[in-house]
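Letters A, B, C and D mark the chains as written, and numbering starts fresh at 1 in each.
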Amino acid sequence: MSKLTTLQEAMGRVNDGDTVALGGNVLHRAPMAAAAELARQGRRGLHLVKTAGAMDVDLLCAAGAVASVTFGYIAYEPPYGLCQFFRRAVQEGRVEARENACYTVIMGLRAAVYGLPFLPVRGLDGSDLIAARGFKKVANPYGEGEFVAIPAIRPDVAILHVQEADELGNGRIGGPKYEDALMAKAARRVILTAERIVETARFEAEPDRTDIPGFLVEAVVHAPGGAAPGSCAGHYGIDDAQVRAFQAVTGPEELGRYLEQMAARTAHEGVSR
Amino acid sequence: MQYTIADQMVVCLARELRDGDTAFHGVASPIPAAAILLAQKAHGRAVTYVNIAGGVNASPRLAPSTDGPNMLDGTASLFGLTDIFDLSMRGGLSVAFLSGVQIDRRGRINSSVIGEFDRPKVRLPGGAGSAVIAPTCGRVLVWRGKHNTKALVEEVDFVSATGNIDVVVTPLCVFRRVDGELQLESIHATSSLAEVQENTGFPIPTREYPVTPPPTAEEMAWLERIDPDRARDQEL
Amino acid sequence: MSKLTTLQEAMGRVNDGDTVALGGNVLHRAPMAAAAELARQGRRGLHLVKTAGAMDVDLLCAAGAVASVTFGYIAYEPPYGLCQFFRRAVQEGRVEARENACYTVIMGLRAAVYGLPFLPVRGLDGSDLIAARGFKKVANPYGEGEFVAIPAIRPDVAILHVQEADELGNGRIGGPKYEDALMAKAARRVILTAERIVETARFEAEPDRTDIPGFLVEAVVHAPGGAAPGSCAGHYGIDDAQVRAFQAVTGPEELGRYLEQMAARTAHEGVSR
Amino acid sequence: MQYTIADQMVVCLARELRDGDTAFHGVASPIPAAAILLAQKAHGRAVTYVNIAGGVNASPRLAPSTDGPNMLDGTASLFGLTDIFDLSMRGGLSVAFLSGVQIDRRGRINSSVIGEFDRPKVRLPGGAGSAVIAPTCGRVLVWRGKHNTKALVEEVDFVSATGNIDVVVTPLCVFRRVDGELQLESIHATSSLAEVQENTGFPIPTREYPVTPPPTAEEMAWLERIDPDRARDQEL
């Protein structure tokens, strides 16, 4: 019954070429330990999906794991500047930048949740994104108006870091929720990493606070510090030194050492339940 | 009185808010966050403040990131990015703060690419929500932390977003869009017409312009409380 | 600042001919006191919206307040049978039955939330509802498939009964949530009736449990017993005798007496905060 | 052993569930609710049980209403009607329990009207979610509390819903849809072929049919715990 497993095993379930939605937003509650483990395992050709990504996307681009990114915004917030690995990979043609508005990522995920190949969307008027992305239009069959049709985005897997999970896969998010619950519903499979593994009774006591229903989840990893060096509400803030250390990485060997250090921190802290 | 350029920009933006507004900012937006809080607290504006993290009329202690857990401090409900977008789409968002790497004479925004979209010379962060917010919300207040001929251009390389852009606030001045074109409205006391002309990629007519009213003592006192760590300076 | 008002005043804000979404489901947490007050005030020509309605819809039909009902299901659950006032009103041509699937009511409300005139929907294949309701279709611009387009349902007002509200309009729902939060976002205006009025600090302590954000709400009514004779989770169950007493009503005078009795119960219990 | 017709119907439906199923019921469904709980508890089936009120693998004490707060008892998350519909639309719902006022030979359901849609002779409750669930979920298990020639008809007056109807369980018998038509599969021990033929609006071939296996002692013991107030009898 238990879906608890190791980070290594869980990330082994992600295949080369998969479409992977990453929870959290910029440097907050992103599944950093999971991203580092995917990089460490040498995953290739991933199609990442995120509204606003930062170090998670940048790290996977640095590791050469990424084929495309579907996104609204990929950059750090001040004072960390742009995601240089992502930027260079796009400029050199190694990664396809499937720019959306953040909302059209959301509408694409909603289309998948609703079992539809597309959803119409308001907005985008006058934006060159329509032509650049080849978005088509649909007419309102009841009256005036044409609307851009956003193709469904159905991730093969959503990887989400939450504050609390149980062994059945129920997940509770503290602080900002971002698009995690939507991703969990849109994706074919869901993997949770969690700061704490708690008893199911805790979810049963307040089921209205469960953000991710367990039956949608296939694997749960106890990963304290799993959003570091980004923040995790109620647990830790941004680790400035470690973000800067990553940004200063040059070359695969340095990246390898950085990833091993990240793995060691999670493994160490992750021993006890 | 001592104040920074960021203080001036915050104050300019705050003064744009009106009673009854529902105002939004996204990531990397300490200047807009400070402006909304200043309008509520110093100017007593009845503004509903929604932020990307999900706070509704929150009272965060500001940090360089405007998308973290602190943005929920004091909120009584969660109304996150998805809800805010939906609100704008149905006509319920009156003010949005947007930025862009390039802003052109017609008030259009580029945060996508320099060069070709598919193989860009420079890949920029992306327009985030601006492409859908700009055409649907009531008024867009644009701020930009740099004012030079690369930022304020005749024509953007790529239109990430265009729409109801009303005001553009820079470290040097305030533009307002009139009849579809940005017009210089006032020059900050710390700058000059010559500096604005030199650093703007489209022609600025030579004539008298008002001086932007600098921050007042009361505004500065409130700013000290709203943003004691001066996150707003990080943008410049 | 306070949005607290009386039931009479709040229901006075609903106009003849308005489209009115009613929260709750069947005999659970429906805004019964509000519906009775609308009936008592003689409101006419209302266009009701609900996925699964029961006595709320039946009572407004009995009072002649209704022009149409957009719904998936209008009936009691066992042992109370059909909604006879609704049924007769439809059969006699006094009320238009805009039957949907419950899901197409939801998709219509979602269209309104997303600022769209319609949304495509999967399902409905082979159902005579498509022709009977005149639903049109839209083609998938990216490939195969045609989908029924559900027109937006934008209520003028949503009337929702919640367990707890504050004077700013924040609302918290106990037990099943049904479609209330969706209705609050889809409607132009929202009116809450609440079992208890609580301090805003209670919402600030657990903002993740607020179902209705206050800034969407224009009026709040303290109405203990406001879902009776239906149930309200954590407060009371179905009042069998009062449901049956309503079903036994014949003629406007009896209905008038029944409504006055409902009003008296709410007014009496509603004196103190 | 003593059992009611409702007990027999519950047991027939429960035996249809399989390991790995995700099964849903809506309002006014004590018989399906009891069937799902029986499959989980008595038959040990690994079924994910989602109900209209939002319960996931809840363990409610059943009541005639299957949409009330009791349906959340023991749930660890809320997954309400909207979520369940979405799940079906994207192919994630394997079993749905639906009913109808009329069910026809082809397994189509009418819960909308008798007579014309716009000015009906009898306005029925409406098909609830059936029109979208029937074509999208894996298998539809239909139950109907009455079996007469008005309920089981040659052709429905109005097609509220049609789609993946697999089984129809009535107080008299079990039909299975084979090649698009309902075929009599078994007759309850409490009924007879003559009674089924007399009360069905389409022809039932005269031949030998199996007797529906009645409830076992173990099933009855579990039903007593699942539904001690016998909500399931209220449907008949």
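The rule is short, and it goes like this: a residue touches a chain if its C-beta (ideal position, glycine included) is under 8 Å from a C-beta of that chain, and two chains touch if they have at least 3 such contacts.
All values reported here derive from a predicted model rather than from experimental measurement.
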(message) Which chains sit in contact with both members of the pair subunit A and subunit B?
(response) C
(message) Counting C-beta pairs in contact, which chain pair has more, C-D or B-C?
(response) C-D
(request) Please report how many Å separate the Cα centroid of subunit C from that of subunit D, as a whole number. (result) 27
(message) For subunit A versus subunit D, what separation do you get between their C-alpha means, in angstrom?
(response) 40
(request) Provide the C-alpha centroid distance between subunit B and subunit D, rounded to the nearest whole angstrom. (result) 57
(request) Give the residues of subunit A that touch two or more other chains, as numbers and ranges in rising order. (result) 114-116, 121-122, 177, 208
(request) At least two other chains touched by the same residue of subunit B: list those residues. (result) 72, 78, 88-89, 136
(message) Is the chain-to-chain touch network here best called a line, a ring, a star, complete, or other?
(response) other
(message) Strictly by the criterion at the top, what is the full list of touching chain pairs?
(response) A-B, A-C, A-D, B-C, C-D
(message) Taking the touch rule as given, give the residues of subunit A at its contact with subunit D in the complex, in rising order.
(response) 112-116, 166, 168, 170, 185, 200, 203-204, 207-208, 210, 212-215
(message) List the residues on subunit D that touch subunit C in their complex, please.
(response) 26-28, 30, 52-54, 64-69, 71-72, 78, 80-82, 85, 88-89, 108, 111-112, 117-133, 135-136, 158-163, 231, 234-235
(message) With touch defined as at the start, can you tell me which subunit C residues reach subunit A in the complex?
(response) 107, 114-122, 136-143, 145, 147, 149, 151, 177, 208-209
(message) Could you list, by residue number, the parts of subunit A that touch subunit B in their complex?
(response) 25-28, 51-52, 71-75, 77-79, 82-83, 86-87, 90-91, 93, 97, 99-104, 106, 121-129, 132, 174-179, 182, 231, 233-234, 237-238
(request) Using the touch rule from the top, collect the residues of subunit D that touch subunit A in their complex. (result) 22, 48, 56-57, 72, 74-79, 83, 86-91, 136
